[in-house]
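Next up, some structures in structure tokens.
Both complexes shown next keep subunit A, but they swap its partner, so subunit B is in the first and subunit C is in the second.
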Partner chain A sequence: MLNKKLMGASALALALTAGAAIADTSDKRIALSNNYAGNSWRQAMLQSWEKVTSAAVAEGVVAEAPAFTTAENQVTEQAAQIQNLILQGYDAIVINSASPDALNGAVKQACDAGIVVVSFDGIVTEPCAYRIAVDFKEMGRLQVQYLAERLPDGGNLLEIRGLAGVFVDNEISAGINEEVDNHAQFQIAGSVHGDWAQDVAQKAVAGILPSLPEIVGVVTQGGDGYGAAQAFAAAGRPTPLIVMGNRYDELLWWKEQKDANGYETLSLSIAPGVSTLAFWVAQMVLDGQDVPQDLTVPFLQITQDTLEESLANTQPGGVANVEYSREDTMDVVAEN
Partner chain B sequence: MIMLAYLTSPKFLRSALPGASFAFLLLAIFYVQPNAMSYFGLNMMLQYSVPIALATIAQMFILTVNDLDLSIGAFVGLTASIGATLLADTPLLGVLALAGAVAGYALLGALIHWRNLPSIVVTLGMSFVWLGIAVLILPTPGGTAPGWVKSIMALQLPFVPFPIVAALVIGIVVHLFLMTSSFGVVLRGAGGNARAVGRAGWSLLRIKVLMYAAAGLFGVLSGLSLIGLTSAADAHIADRYTLYAIAGVILGGGEFVGGRVSPIGAVIGALTLTLTGSFLIFLKISPDWQIGAQGAVLIIVLALRALIKRREA
Partner chain C sequence: MTHVRQIVEKPWIWSFVGMFLVWLATVLYTGGTGATQVITAALSFATFTVIVGIGQMFVITTGPGNVDLSIPSTIALSGVLAMKIMGGSDAMLAVGLGASLASGFAVGVFNYMLIRLLRIPPIIATLSSSFLILSTAIAYGRGLKIKPPRMLADFTSAQVAGVPILAVVIILFAVGMSILLNRTLYGRSVLAIGQNMRAARLAGIRVERIRFATYTLSAVLAAITGFLLAGFSGGASLNMGQEYLLASIAVVVIGGTSVAGGKSNVPGIWGAAMFMFLLVTMLNTFGASAGIRLILTGIIIVTVITIAGGDKPAR
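Our next item is the complex of A and B:
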């Protein structure tokens, strides 16, 4: 009840500030500089950007919000791209960066030219930029905490990692291992690289399975849970508790298992719609509002209860997604 | 009449093509984005052409002696990584490491000549070695460029933007050395007719070692100028430079064989490549088409050259 009242009050406040925002940023131009578009997550990210920003442009919140993607995932190319965006006189540049450090030169030039820079997902370390970071370590820790809740007796875990040598893979894995150390009932019996792809994960898991004892849980990084399930089924071994990563094929498989035998698990990942969160943060900064320089993105968790709904809203081959509205963004900013 | 005949002669067209395509692209950019037509604009657009021009010159030295270097991108990544770590923290060690890298390149030239190995295979293999060492030195992206490198690259010259002056200096210095000096003629001769140069008493081994060392030196300069701009390094920072450098030399009127190269053309080629990217962004071409459009620009210029060449034959 209290909550409702609060929401009513904040909605009123929002209506007032939103009115002001339309007056303040309607002539502003915000560009997206993106380093890579080669997987389903990035495609969904660009689609979300397009959907939310075109609505914002139509409503007159901002004048323009085009997206630019570099041809190959290269620092030098993206730095040149950012410089070109500076030249074109954009008021804000939203960046998904190819490197945390190597774009700092171009980002500093943008800041010096009076441009608001907001980085997300692939963040930049230049102090003048805003950062919307993902706590990948927490993503690893949450998985083990969930397993500890579901499997109080513990047992052997299989870890499926991402692409070797990539920052994200190191972080998630570090989080998983930290939390496993805190739970004496779990041991990681084996670890393979699934490269965030179902086919690679399936092959890797099938390769290591014969050498493993009984596995009670599989910790993953997203994009690999379905492949792991297939490998267990093909080897004729009982399906362990596999943490999923919000991909359509993973959710579909989970739904089938749930209907057939009441299989229960957790799915979590970052919603590609985080690009729209970055867009609204840029808009809020242009609007003159106080936004902290460092924000953390909430995870998108799918549970047994929300599975059907999430599955219905996810496109085949895609990733479960949420897009942020200006109000959602204000909530995220307020929580940080 | 004679003037007109000269202007339409294949020889003139051939040497004018790199400059003409560069000027055409620049005018097109000014038309689409008038903001670019300023000191600030040119400085921004052409900044990243300095390291590319240096890498292109490095590749050109190798092409001069009929070899092809598939490792220059990885090598620039290595020198950038050394520059942002060792050179910044312990300058003496950094200079030694960079000198060692140049010596490595020279040794490579000696090995290729001595065992008569195909340069493509050797340099392709070496590209993984350079990348491996770079990852060992700088496992995750980061480091800091030394202050003096940054201040050189951020130089604000009166009237003419720094990248243009830098490109001119690079082009003219290498031109004087390779195209007008008598030793330069010998070096190019080693690509044109190695046997004749050898018979005339020149050591082909020394020529190759010298050219590879020169390529290594320009690779070092490329890596340092690159971190001067980015202020930090990444082992993969210059992966694309291998192809950029080859495309730059060829766009600038160079040939894969025969010692037929042009330093000024190569620098213009590098500038053209940089501008192509800007042009496509200014046109707001959808990301899906940008890769193809960049290739299309290359193909158009090369097709024009093929037409001129046919008239030459």
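Our next item is the complex of A and C:
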């Protein structure tokens, strides 16, 4: 009898201590402040957030985790949004920012109010915030290194850049150009802005293509590979080696080419599920765990061997994705 | 001599002059390579700008303050709707086109209701409706990209001897629209309203009916663009209309249509759309950086508008 009671009590105590790590945050509220939702990557990002956080709320890990998206993709609008979130008393704010520095004022206010701020993808430079950054420069370098491996003779490259004036675009392009300088066999024969959109890339490439010499490789920033392929086909030119992103149409085109003529390439991208990594980082910080202020996320890499698998796991018309669990997040934190 | 003067006095001629100069500069720079291919590319892409540009032109013609800012989201909604309904099947082509046209019509009616019943200025009305339209597209399509039916993709990208078939169709369409503007009761009414709405009303023109038709026409043309563009570029996406917001207004203005309304022309839209595409191509070919490219684009557009719009003051 006594034994049983003791056992019960110790089991309860055990359950309490085991649960403690998680239960600590069960009354916490985490908000997502997002600046833009108008493309497939952002849609997938929001869906991943919704999926992972609703499960976390159901399990009682956090109290709630709503997502808020500004309508106009404006810095002022997002700053006002963050101020509202501060007033509403959220414990943590996860931000995909419209600008690296223009939100710093609002972010500082949040930190001063004792709110944990985690930025990802579009990061903020305010020192008090956590940053889940991508090594975009490395993403550029890797592409050229891959091309150098595949095309030892070198030749002319076409560079498709992203949205002009955006930090990410500058970084990837800088990485590409750095690495091209290291490989004398490559020259960038032309450079256009594809805005990470398939149709914009197609238009820009179709315009510049007639004036270019033979192109052996296309370095991209994701979302633009299929548009480039279409522009080459429309101009009746041989298809060069195009580095792909993670959009379904890019992967599908690659698969079709692979089946038809053994086309081989590489896909480099950022999984939109990085929003869930940011969610777990915020939760861990609220939980009192030690998380470095700056984290780097691994790229989502798809190779010739993993293409079929990735394609099968990607919703038709969607984006290849990886969602993070709490354990995955701890691994990423441990690796940094 | 009078012939020459007559041509120079046409407001639309300047967009064609600009187009030719920009093309010439590109070709000289490349030493002649790709001189004709670049025209082919310009024709295929200008087509889409022309369709929305014509719709925007009718709206702008009805007078100051009239502009349709819902064009980009209408393009996205129509494309997403049509692609999802067709699901890549040729048999559903007519249904998809019908859905696309219906969505355009609905947007037009909605825009006009905001303007007329709620008395919201057109800029605000169409801007706010664009949020609703895009949200509908997001909710319906969830950002997924669905392939167009084979026949639609083939039709929109077909070429004969370097001339895109779609461009020919749209050139004929533009001729029809030019007749609509200059020779029909509707077109003359639009011009009259743009010159002086009060006078037009007193002259017995059913002003509100004409404005209703104009906003609907613009939305339907945007919907058609969405349908064709999705076919051309391998599927609909949420941001596919984005660049047509400014482009639709720019081609109208560069084409020699008066922003103040009441004075417009259709040919200039073709010239301006080609000019805009070739301009970006030229700067890309020169290897100009994005900053320089934006600055030059701005300067060149202002220059063309100044020359084209260099109207003698009204007598």
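Things to note:
In this text, the second predicted complex is superposed on the first by the 316 of 336 C-alpha atoms of A that agree within 3 Å, B and C clash if a C-alpha of one lies under 4 Å from a C-alpha of the other, contacts with A are read in each partner's own complex, and residues count from 1 in each chain.
Keep this in mind: contacts are C-beta pairs under 8 Å (C-beta built on N, C-alpha and C of every residue); 3 or more make two chains touch, one makes a residue touch a chain.
Small disclaimer: the values here were computed from a predicted structure and weren't measured.
Once the complexes are laid over each other on subunit A, subunit B and subunit C both fit without any clash.
When the two structures are aligned on the shared chain, A:202 is found in touch with subunit C, with no touch to subunit B. Residue contacts after overlaying the shared chain place A:76 against subunit B, while subunit C stays out of touching range.
Contacts of A:211 after superposition: subunit C is touched, whereas subunit B is not reached. Applying the stated contact rule after C-alpha superposition, one finds that A:191 touches subunit C and leaves subunit B untouched. Of the two partner chains, neither subunit B nor subunit C is touched by A:313. By the document's definition of touching, neither partner reaches A:26: not subunit B, not subunit C.
Contacts of A:247 after superposition on the shared chain: subunit C is touched, whereas subunit B is not.
Looking at the shared chain after the overlay, A:37 reaches both subunit B and subunit C.
Our summary of the superposed model lists a minimum C-alpha distance of 5 Å between subunit B and subunit C.
Once both structures are placed on chain A, subunit A residues 37, 71, 165 are touched by subunit B and, in the other complex, by subunit C. On the subunit B side of its complex with subunit A, the touching residues are 33, 35-36, 40-41, 44-45, 47-48, 51, 135, 140-143, 226, 229-234, 236-241, 274, 277-278, 281-282, 284, 287, 290-291, 294. Taken in their complex, subunit C has these residues touching subunit A: 26, 29-30, 33-38, 41-42, 44-45, 131, 134, 138, 142-147, 157, 229, 233-235, 237-240, 242-243, 277-278, 280-281, 284-285, 287, 290-291, 293-294.
Those residues of subunit A that touch subunit B in the complex are listed here as 34, 37, 46, 66-72, 74-77, 79-81, 83-89, 99-106, 108-109, 165, 167.
Within the complex formed with subunit C, the subunit A residues making contact are 37-40, 42-44, 47, 71, 161, 164-165, 190-193, 195, 197-200, 202-204, 206-212, 226-227, 230, 234-235, 247-249, 315-318.
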